[in-house]
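One chain, subunit A, links the two complexes that follow: it is found with subunit B in the first and with subunit C in the second.
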Partner chain A sequence: MKVISQEQLNLWLADLLKQTVVVAPIEKHGKIQYQEINSISQIVWDFTRPELPPRNWVIPMTEPILFIEQGPTTVLKQPDLPHEKILFGLRPCDSRSFKVLDALFWDKEPADPQYARHRQALTLIGLACPEMWDSCFCTVVGGAPDDTEGLDILLTRIDDGFAVQAITEKGQALVSGLDLLQWSGVPADPSEARGLPKLHESAEWAAVFKDVFWKELSHACLSCRVCSFVCPTCRCYDVRDEVIAICPNGKVYERLRAWDTCTSMGYRRIAGGHNPRETQVKRLKNRFYCKFMYYPEDFGVLGCVGCGRCIDACPAGIDILEVVEKVDLKLAQAQI
Partner chain B sequence: MTFIEDQIRQTARKYLENDEVSCVIGYERDTRGRSRPVFIESVDQVDRLVWGPDCNLNLASYLHERKHSPGKDQPIPKTAVVLRPCDTRAINLLINEQQVARENVRIIGVTCEGSEINGSLRVDCEFCQERVPPLYDDLILTELPVEVPESADPYADINEMDQWTPEERLAFWTSEFDRCIRCYACRQACPGCYCFECVAEKLDPHWVSIALEVPEKMFFHVMRAYHLAGRCVGCGACEAVCPMDIPLGKLNRKVAKEILELFDYRTGDSIETHPPLVCFNPNERLNL
Partner chain C sequence: MLDTNSILTTPGLATIKGMKDLADNIKLVQVRFDDPDARKNFSYAPGQFAEVSVFGVGESPFGLASSSERGDIVEFAVNRVGTLTEALFRLDVGDQIGLRGPLGNGFPMDRFKGKNIVILGGGIGGAPLRPIIQTILDHRGDYGKLTILWAARSPDLLVFTDEYDLWQQAPDVEMFLTVDKAPAGWPHEEGLITTLLEKINPSTDNTITITCGPPIMIKFAMMTLEKLGFQPDQNWVTLEAKMKCGIGKCGRCNMGGVYICTEGPVFCFSEVRQFLESFV
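Let's look at the complex of A and B:
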């Protein structure tokens, strides 16, 4: 295995920072967040997982996807091409989330043009987790604390530096100039067997769709947007044309795309006022079925990477792992 | 089981056994040891109810989901709710605003030792003189009498903020709202925020852009603070649920202080008093 010292790694990163935009975990407002950095010294090395997921770099919270200028002829303009970026220090669950998003936005034709532009500009460098923290459950959904899915390069902390695994050609090209050392050791396995529940296949979830426990679970749900907004794989958005300028020839609009989510009350409301998901239970259930049934059936990958952010952030204490456990229990009871 | 929990459970049992309510809303501990709301509908579940300083939501908010008849010819459900003194003030507000009928609610009022957010006592609780709920059906007592803090200016931090220049205040709040993700958890957790369609989400007219950027976020929070002027009970639920730890209580306390000074009014004193900004009183004299 190839390794690099912290000192050499810092030099390499400093060099990359001169050439391109680097996003890395830093401390901001007392929380760890993925942010663009100006200096290597900003990077935080010991952290659990950043407060918000990295999907902001492929689906920004707010983004104009088109400009529309009225006039004798209407002019349509695409926004400028996004800058090349390195996302450094991604936790493996977060890097896996890019594969989940790719399945919908990029892998199938037609690709989402704005997503593709962002995605092509990214290089993903991961930092393996030294352990699984309290609300982590990546191993339940097919991941691991040292998973390489979605990454170009994975770094794993070892005693005096980092083990370097170049996963893709892009990653290999990036580390090719580095003076890496040989190391005969193997990094410790950070996966933990701690009695996490079993996740059932998507097709099995249909059997518990009408179970009464969904209603019980949803009582406490506030119908806010926290769980989705901290989720690396929730990707729903709203689009509006908003006026940004009024000119002699007419108005200039930007077509804005901004995060939205199925858990909020008005999300599913349609013209005429009907709301097919008017109740908490329908909205909350949709979020879980989307992750564990609809998304895998439509796009071939699970819609959850097991980061556990929603577990920590939910103000009503709704726990996705408890849901997985409950479904397991209900299906087991149905067998008897 | 603590002294308080024992009383809460007994009271819940009484209500459910007598069929006086169909549900008791209180707190339970999840498998990770954290408090969360629980909806108890049968007697055999009452032992799930717990109490602690981290029980920091305002469960009165959940009454909005239960204020309508669930179907044709079905009565509005009766609900018992575990509340702190400041939380019960929200019941007075909601009765006054005709959202909740008194006969449909049973208030299990807990003598309050203060609530915590992320392990620290809330600022409001440091100065709070009201340890017994102003409104209750059942009073839950503490084992030892609660020490009421010595009377001090509850708005000391607000007075300090008032000394800042407008530029300093803007810089402070811009920085705080910068990290808001517009998740609306504050609004959803608030007993006073019950509009069917919030201004921030209204599509026609489209008052606020869908953008999740500082101007929209600031608009949302300032608008909400204004809509809660004289209606905020200071329960701190908004701050407790904020995933980004934005000090929303500070904003609401600033407005509450203004309302107190202008109108000599405190939210939720009784079901009779209307919030000053939602009524017209020809004899009104501002303390200007």
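Let's look at the complex of A and C:
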């Protein structure tokens, strides 16, 4: 196995930072966040996972997707190409989330042009988790703390440096100039054998759609929607136009795309006021079913990467892992 | 290679050529693409829809109310109910809008050939049904008997009134009108479309039905059709949702795992019944 010392890694990163934009985990107000860095000394090396997922770099919270110059005639302009970026220090759950988003935004025709523009500009370098933390459950949804899915390069901490795995050609090219050392050890297995529940196949979920436990669960939900905003794979969005300039001959608008969520009350409302998802339970259920049934059936990949952020963030204690467990229990009961 | 200029994802500019009053607070907007290539390439089936941009206000989906075969004027009906439709009402001939599409699946007109067709239109739900009627009239020999049941809450909300004569003059076409509450002297039916449907009691033999209207109307129309002996796979519906993208990305229109924008908006009722989040 190839390894690199911390010192050499720092030098390499400092060099990359001179050439391109680097996003890495940093500490801000006592919390860890993925952010653009200006110095490698900002990088935090020991952390669980950043507060917010990295989807901001493919679907920013708010961004223009079209510029509209409306004068005597109308001119539409696409946004500039985003700068090439390296996302460094991604946890494997977060890098997997890019594959989840790719399946919908890029692989499913027609591709979303703005998503693709961002995605093409990214190089993903992961940092394997040394262990699974309390709310983590990546192994339930097909991942692992040292999973390489979605990554160009995976780094794994060993005694006095990092094991380096180049996953893609892009990753190979990036590490090709590095003076890597040979290491005969094997990194410790970070997967934890704690009693995590079994996730059922997407098709099996239909059988518990009408179960009363959803209603009971929804009584706790505050509709705060924070579960969606901290989720690396939630991707519902809103689009609106805003004026950015008023000129003698007309106006310039930007068409903005902004994070939104299916858990908000009016998300599904149609013209005339009919709302097919008017109750809390319907909205809550849609989010879980999207993750575990609809997304895999429609896009071929699970809509959850097991990061556990929604478990930590929910002020009402709604726990996605308990939901998975409950479904397992209900299906087992149904078999008796 | 990624096509960032696809008219499915970036609006094409179109100029308003006509604004016709269809009914109270409902207008028919007639537009034509500015780009001659877009005019040629924008070919669509009855039941497909487009995302309409009013620049500076936003984008909303509208069922296309015209037949692609009849020329390059693209039409859609607008009911003044919200911000974007209000803005559309303020526009006039010569103004530019944006159009993304055609989106959705459309009606499988080929599968309807040789069959008798019963059309149930409620209010502005008649708009996406008009291209079906136009297609049947333009290829009259390809289809069997056409029965049109057209409903609205009141007579001033009936759409395409100036075309009824033309429709009924075509061979083997029958049309019935009903309003929820009829004013004095109203020569047609009074009551819900389901009442009219029961009264007419169309034969189920070699017949398909097509319904478009508010969800509550679809629900009861399907119940009535079942009562009259129609099987779920004989009944077709077109559904609506306020999709932001129209291309299966924004997560605004799914019914269970089914995306109305890409897998619909046209569905056979036997499919709709299977949706996890079905409203029927």
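The criterion applied here is as follows: the second predicted complex is superposed on the first by the 336 of 336 C-alpha atoms of A that agree within 3 Å, B and C clash if a C-alpha of one lies under 4 Å from a C-alpha of the other, contacts with A are read in each partner's own complex, and residues count from 1 in each chain.
We adopt the following convention: a residue touches a chain if its C-beta (ideal position, glycine included) is under 8 Å from a C-beta of that chain, and two chains touch if they have at least 3 such contacts.
From a predicted model like this one, the values you see are computed outputs, not experimental measurements.
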When the two structures are superposed on subunit A, do subunit B and subunit C clash or fit side by side?
fit
Applying the document's definition of touch, where does A:N249 land relative to subunit B and subunit C: first, second, both, or neither?
neither
Give one of first, second, both or neither to describe whether A:S39 is in contact with subunit B, with subunit C, with both, or with none.
neither
Could you look at A:Q6 and tell me whether it touches subunit B, subunit C, both or neither (first, second, both, neither)?
neither
Report for A:Q333: first if it touches subunit B alone, second if subunit C alone, otherwise both or neither.
neither
Per-residue touch tally on subunit A - higher for subunit B or for subunit C
C
Which superposed partner A:T62 touches (first subunit B, second subunit C, both, neither):
first
Please indicate which partner A:R240 is in contact with in the superposed arrangement: first for subunit B, second for subunit C, both, or neither.
both
Distance in angstrom between the closest Cα atoms of subunit C and subunit B, superposition on A
6
Note: overlapping subunit A surface for subunit B and subunit C spans 238, 240
Inside the complex, what are the residues of subunit C that reach subunit A?
2-6, 8-11, 13, 55-60, 79, 81-82, 85, 96, 98, 214-216, 240-242, 244-245, 247-257, 259, 276-277, 279
Subunit A partner, complex, touching residues on subunit B are 30-32, 34-39, 57, 61-62, 65, 175, 179, 181-185, 187-189, 197, 201, 203, 206, 209-213, 240-241, 243-245
Which of the residues in subunit A end up touching subunit C in this complex?
66, 68, 70, 73-74, 76, 78, 104-105, 108, 110-113, 116-117, 120, 206, 209, 235-241, 243, 251, 253, 255, 262, 267-272, 274, 276-277, 282, 286, 289-290, 293-294, 297-298
Can you tell me which positions in subunit A touch subunit B when the two form their complex?
28-31, 51-52, 61-62, 134-135, 216, 219-220, 222-226, 229-230, 238, 240, 242, 256, 258-260, 264, 266, 280, 311, 313, 315-319, 322
